[in-house]
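Next up: some structures, all given as C-alpha cells.
Here subunit A shows up in two complexes: once beside subunit B, once beside subunit C.
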Partner chain A sequence: MKNSQLYKGSLNTIIMKLLEENGRMYGYEITQKVKLITKGELNITEGALYPALHKLEADGLLDVEVEKVDNRMRKYYKLTESGEKETVNRLNELEEFIKNMQSLVSPSPNPDLQF
Partner chain B sequence: MKLTEEQIQFIDRALADADFKYSDIRYEITDHIATAIEQQEGDFYVNFDSYIQAHRSEIFKTKRQFIKLARRKAITALGNNLCKPWAIALIVIINAAGIYAHKFYERADVADALDQIFHAIFFIMLLPLAYRYLIYKQVYAAAVMAGSTLGMIFCIGLPGLRIHRLLRNSDLLFTYYGVIITLAVALLVTTYKLDRTYKLRYNGN
Partner chain C sequence: MHKTLNAEQIEQLYTFTRQHFVEYYDLQTELVDHLANAIETLWEVKPQLTFDDALKTEFKKFGIYGFSDVVEERQKALGKKYTKLMARYFKEFFKLPRILLTIAMFVITYKLFKFFLPVYIPLILILEGFSFYRIIKLKKIYKVKTDATGKRWLLEEMIYRGGSAMAVAGMTIQFMQFALRDHLQEIFILLMALVFVLSLMHSYVVLYVIPAKATEHLSAAYPGYKWEKL
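Moving on, here comes the complex of A and B:
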C-alpha cells in the first residue's frame, strides 16, 4: 500500500466505509474501488486487505456470504449491525483525526494568539 | 476475458501445491487471482505466472495472517463452549463418577477407564476429519486449528497413562480426568461446529 505507515491505521475504516456505501463487496472489488476513488494513488495489496477483512469478520463487524460466480467461489463481505454502528464511530474518529492533523500541518492564523 | 473452469482449477491446484491446504483461504485467493487475470488480455498462463511473480510475498503474507486469525477464532469458540453450563457439569459428573467407581474398583483401574474415554474421544474426532482431508482435500482452517489443539492436549494427556501414580489424592486425580475429558469434548464440539459452519458457507450442506 502506498505510504503504508500513514494509511495502515485507516484501512479498516476505509473498508467499512466502502461496505457502508456499497452494501456487499468482494476482496478484489474493494481494491479496485479504492484505486478508482483515489485515482490510482492508493493501492491496497492482498497482504493488507485480506487480513483486515478476516479480522473485521472475526470481530463480528463483517458478515460473509459465499456464492458461486464464474466457476469459482466468491466471498462477499457486508457490515453486520454492530459493524454499521462501529463504522459511524470510526468515521467520526477519522474526521476528528484529519481535522487535528490539518490544524497541525497547516495551522490557520489565530488572531487571539498573535502578539 | 472470462476464465474457463479448467483455468480456475489450475489456479486452485497451483495454490494447493503451494501449501494453501485450507479450502476457505484457497477459494478466496483463487477468486482474487482469477478476477485480476480476467482484467488482462493475452495468454492465461503467461498472465498467471506474471501475477504470481509480482504478488507472491503478499499472497503468502495473507496465508500466514489467515492461519493466525483462524487459530484465534478456534480458541474463542473453544472458550465460549468451555464457559457453558454443560462443560462445568461434565467436570463435576466425571469427578463424581470417578469417586463413586473407586468404591468398587481399584484406583488405577478407574484411572485407566477414564484414560481410555479420553483417547476414544480423541480418535472419534480425528478420524472423520483426517478421512475428509485425505479423500476430498477439503478442510477449513479454524476447524483444523481446534482439532490440532486437541492433538496437542492428547500429547499432554499421554502421561495420563501413569498419572494415577503422580497424583496421590484421588479427588484431584478424578478432577484431572474431568478437566481433560471435558476439554476434549469441548474441542470435539468446537471442531464440528466450526466445520459445519464452513461447510454450510461453502457447500451449502
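Moving on, here comes the complex of A and C:
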C-alpha cells in the first residue's frame, strides 16, 4: 500500500465505507474498487485486506455470504446492523481527523480576522 | 471474449493454496477466488501469459511471506469467535434460573472441601478422566467427518478439539498439590472450590454444549458449510 503507515489506520474505515455504498462486495472487488476510485494511487495489498475483513467479521461488524459464481465459490461481505452504526462513527472520526490534519498542515488565516 | 479459468485450473489453485500452508477450506476458497479473479484480470491485458506465469505474478503480490500473514490473522479472528461462543454459553450459568444451581454447586463443594480437602483429588481425577474420554471421542467423530469430506474447517477443528479443555485440565491437576497440605487458609479452600466448579462448567460447555450445536454454529460462521455437507 502506498504510504502504508498513513493509510494503515484507515483501512477498516475504507472497507466499511465501500460496503456501505455498495451493499455486498468480495475481496478482489474491494481492491479493484479502491484502485479505481483513487485512480491507482492507493493499492490495498492482499496481505492487509483479508486480515482486516476477517477481523471485522469476528467483531460482528460484517456478515458473510457464499455464492457459486462461474465454476467457483465466492465469499461476499456486507455490513451487519452494528456494522452500519459503527461505519457512521468511524467516518465522523476520520473526517474530524482529516480536518485537524488540514488545519495543522496548512493553517488557514483566522476567518474572524478577515474582512 | 475474455479468457476465464476452467474447473481444472480452479482445482490447481486449491492445490496451490494447500502447498502454501493454507490448510482450511474456507480460507482456501476465498484465496482461490481472489487468485482466479486476479489472473483473469491479468489475462485481459496479457492474454498470451500461461496460467502458471499469471499465477506466479499474482502470488508475488502477497509479498515474501505469501499467505502466512493471512492464515495467521484468520486463526486469530476465528479464535476470537470461539471465545465469544464459549463466553455466551458460560454466561448462562450466571443467569436465572441456572445461577441457583451454580450457587448450590459452589456451596456444596466449598462445604465438602472445608470438611475434607483431599477429596479434591479423586473428584478432579474423575472430572478430567471424563474430559479426556470425551476429547478422544470428539477427535474420532471429527476424523470420520474430515475423512468423508476431505475438507478442514478451522472453527470446526477448534470445536472438536474441545477448545481449551486440555489447558484447563492441566491447571486443575496442578492444584492437586494443595489438597494434601495441612492448615490451608480459608481463602485457599474457597479458591479450590471455585476452581473445581468453574472447570466442571467449562468442561460441560466446551465438550458437550458447543459440539452438540456444532452444525448450527458452523453454518452461521461459514455460509458455504452446509452446502459442502450435502
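By our rule, the second predicted complex is superposed on the first by the 110 of 115 C-alpha atoms of A that agree within 3 Å, B and C clash if a C-alpha of one lies under 4 Å from a C-alpha of the other, contacts with A are read in each partner's own complex, and residues count from 1 in each chain.
Note that in this section contacts are C-beta pairs under 8 Å (C-beta built on N, C-alpha and C of every residue); 3 or more make two chains touch, one makes a residue touch a chain.
Keep in mind it's a predicted model, so treat the numbers as computed, not measured.
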Subunit C versus subunit B on the shared subunit A, clash or fit after superposition: clash
Residues of subunit A at both interfaces, subunit B in one complex, subunit C in the other: 26-28, 45-47, 50-51, 54-55, 58, 64, 66, 69-75
Subunit A contact footprint on subunit C (complex, rising order): 4-7, 10, 26, 29-34, 36-38, 41, 61-63, 65, 69-70, 73-74, 76-78, 80-81, 84, 222-224, 227
Subunit B partner contacts - residues on subunit A that touch it in the complex: 26-28, 45-48, 50-51, 54-55, 58, 64, 66, 69-75
Partner subunit C, residues of subunit A touching it in the complex: 26-29, 32, 45-47, 50-51, 54-55, 57-59, 64-66, 69-75
Touching residues (chain side subunit B, partner subunit A) in the complex: 2-5, 8, 12, 27-32, 34-36, 38, 55, 57-59, 61-62, 65-66, 69, 72-73, 76, 201-202
